[in-house]
Amino acid sequence: MALPTKQSAAPNNPSLLLPSELVDKCVNEKVWIIMKNGHKEFTGTLKGFDVYVNCVLEDAIEYDRDQESGKETTKNLESILLNGNNICMIVPGGERS
Amino acid sequence: MALPTKQSAAPNNPSLLLPSELVDKCVNEKVWIIMKNGHKEFTGTLKGFDVYVNCVLEDAIEYDRDQESGKETTKNLESILLNGNNICMIVPGGERS
Amino acid sequence: MALPTKQSAAPNNPSLLLPSELVDKCVNEKVWIIMKNGHKEFTGTLKGFDVYVNCVLEDAIEYDRDQESGKETTKNLESILLNGNNICMIVPGGERS
Amino acid sequence: MALPTKQSAAPNNPSLLLPSELVDKCVNEKVWIIMKNGHKEFTGTLKGFDVYVNCVLEDAIEYDRDQESGKETTKNLESILLNGNNICMIVPGGERS
Amino acid sequence: MALPTKQSAAPNNPSLLLPSELVDKCVNEKVWIIMKNGHKEFTGTLKGFDVYVNCVLEDAIEYDRDQESGKETTKNLESILLNGNNICMIVPGGERS
Amino acid sequence: MALPTKQSAAPNNPSLLLPSELVDKCVNEKVWIIMKNGHKEFTGTLKGFDVYVNCVLEDAIEYDRDQESGKETTKNLESILLNGNNICMIVPGGERS
Amino acid sequence: MALPTKQSAAPNNPSLLLPSELVDKCVNEKVWIIMKNGHKEFTGTLKGFDVYVNCVLEDAIEYDRDQESGKETTKNLESILLNGNNICMIVPGGERS
């Protein structure tokens, strides 16, 4: 969804937390990333990102749930680059619930 | 859908409520967000958003309905960033009906 | 579909009704909106829209047809924001036929 | 598909008919519109369109073929706005063959 | 796929045939167009096109193969406008092989 | 995936081969092109391409594998234009392995 | 996902590793690339890339897992160009885990 000329949410509202600020805060912290396809997730330390929210994760773990059996396999990946286009949700803290 | 040179809806029509204004009004309020894939929904307090309607939610609950069994599972998530591209609908007030 | 340099349809043709004009006319009126996924529809009063045809509806009713059983469920929603990207068709008047 | 710097097709070729010209000629005429999803079609009088080929139809008839049974249902719709993104083909004259 | 700053293929290479040149050559000639969905094809005389390769065909024939039975149905269409977004391949000459 | 301000890969690194350079080298050579849908491939001589990697092939052969039976059918096509949007991979040399 | 005006992640944070920097570091190194469709992967030496992360690989191996049987087939490919649009993840080092 895009908004044309979005007057940013009440800029002087102290409690406001812009998406870019949330991701900024996650740099060098653990994050949990859920991909669009609904069965792939990652945790790891966010080392960097850009305007397309392509994400560099270190000490990453990939969780892949088989859509037929529901069985989940994991992979340890030292460092990875994720295509921001495929990301559905980012959860700061990296604890999968 | 996009409109080329959209003369905004009758600007001097007092009852007009632009999409960006509706989302603005939701900041620091509870919202209910329905995703495009048709089986994932979220409620939570909207802390911020941007021109792509990427949304920062706090004290969020994820509702995920299994497409085979129809069974719904929920997850409590302290704070999350949702990709605006995947959002189908935003309902102010956050009461799921 | 996009046209490069669209000489707008005969501008001096009195009977011409541009898409943006049709949506303009619907503000504060009842509309019926059919979504792309083919099984979700909404009726309600159009309170506002923007160049991406994101739509603010009030006193909205959601109609969702289960693709397996064909059974339709409805939800009353006080006010909603619909992502224009997901809209397939807008019918002024809001009477579902 | 997009072409970078398309020297328009032989501009001085009298028989050339640009897409926008074809749609222009259809204003106030009957058209038959086939949607991308392959099972929805519309006929009606084209009242207007824009650079995204969003189309305003009047006295429209929707033809929807059930993908399981193949059975076709029709709806009469006084006036509608179709999202140009979802249009696959436009046939001037509006006679469904 | 897109290339950022594509130095066009060896411009001084006489045998080079740019995509736009190929389509230009097809104006007023028969073409065979294969759509992305893999089961719809068209032949006809190309009367015009634009930078999005929206195509105007005259004396067109639509070939639609039923994905279950494999049976092919054809339709004669006097003139049509095809959405360039849905085109996968264009074959000059219009002989379906 | 897109990178915002991509400092091109070490420009002074002699072994670097940019995507556009690889495609340039293929002009007038045989190439093997694999499409996104996973079951259509082409070999042929690349006669030209543009910034969207729309490709003109001559003396092309289409290989189409039926997704149910796995059986592969081939078609000889004198010259074709492929929509760059649908291309997944280009292999210089045109030998299908 | 896109961020509007992304104040880059704490620019003065030494440990920051931007996506473009990670890919830069991979030039002339082995990488493991996972495609969006979930069943195609490649390893090989990254020879070059561009702002769309189209990737040139040399001495590449394609791994394709049949979605029905789960059986994996491999192909050796001397040099290939991958469409960045289809890439989901890049893992430096090229060791498939």
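In order of appearance the chains are A, B, C, D, E, F and G, and numbering begins at 1 in each one.
Note that in this section contacts are C-beta pairs under 8 Å (C-beta built on N, C-alpha and C of every residue); 3 or more make two chains touch, one makes a residue touch a chain.
Not measured: the values here are computed from a predicted model.
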{"item": "Steps needed, at minimum, to go from chain B to chain G via contacts", "value": "1"}
{"item": "Equivalent interface to B-G, taken from B-D, C-D or A-G so that over half of the residue contact pairs match", "value": "B-D"}
{"item": "Superposition rotation for chain C onto chain D, Cα-based, multiple of 5°", "value": "50"}
{"item": "Approximate Å spacing (C-alpha centroids) for the pair chain A, chain E", "value": "40"}
{"item": "Separation of chain F from chain G, taking each centre as the mean of its C-alpha atoms, in whole Å", "value": "18"}
{"item": "Shared-contact residues (touching 2 or more other chains) in chain A", "value": "1-4, 19-20, 23, 50-54, 83-85, 87"}
{"item": "Overall pattern in which the protein chains touch one another (line/ring/star/complete/other)", "value": "other"}
{"item": "Pairwise chain contacts, counting only pairs that touch as defined", "value": "A-B, A-C, A-F, A-G, B-C, B-D, B-G, C-D, C-E, D-E, D-F, E-F, E-G, F-G"}
{"item": "Partner chain A, residues of chain B touching it in the complex", "value": "19-20, 23-24, 27-28, 35, 37, 40, 47-56, 75-87"}
{"item": "For the chain E and chain G complex, residues of the former touching the latter", "value": "1-4"}
{"item": "In the complex, chain B residues that touch chain C", "value": "1-10, 13, 15-23, 36, 38, 53, 87-93, 97"}
{"item": "Chain D-touching residues of chain F, taken from the complex the two chains share", "value": "50-52, 54, 83-85"}
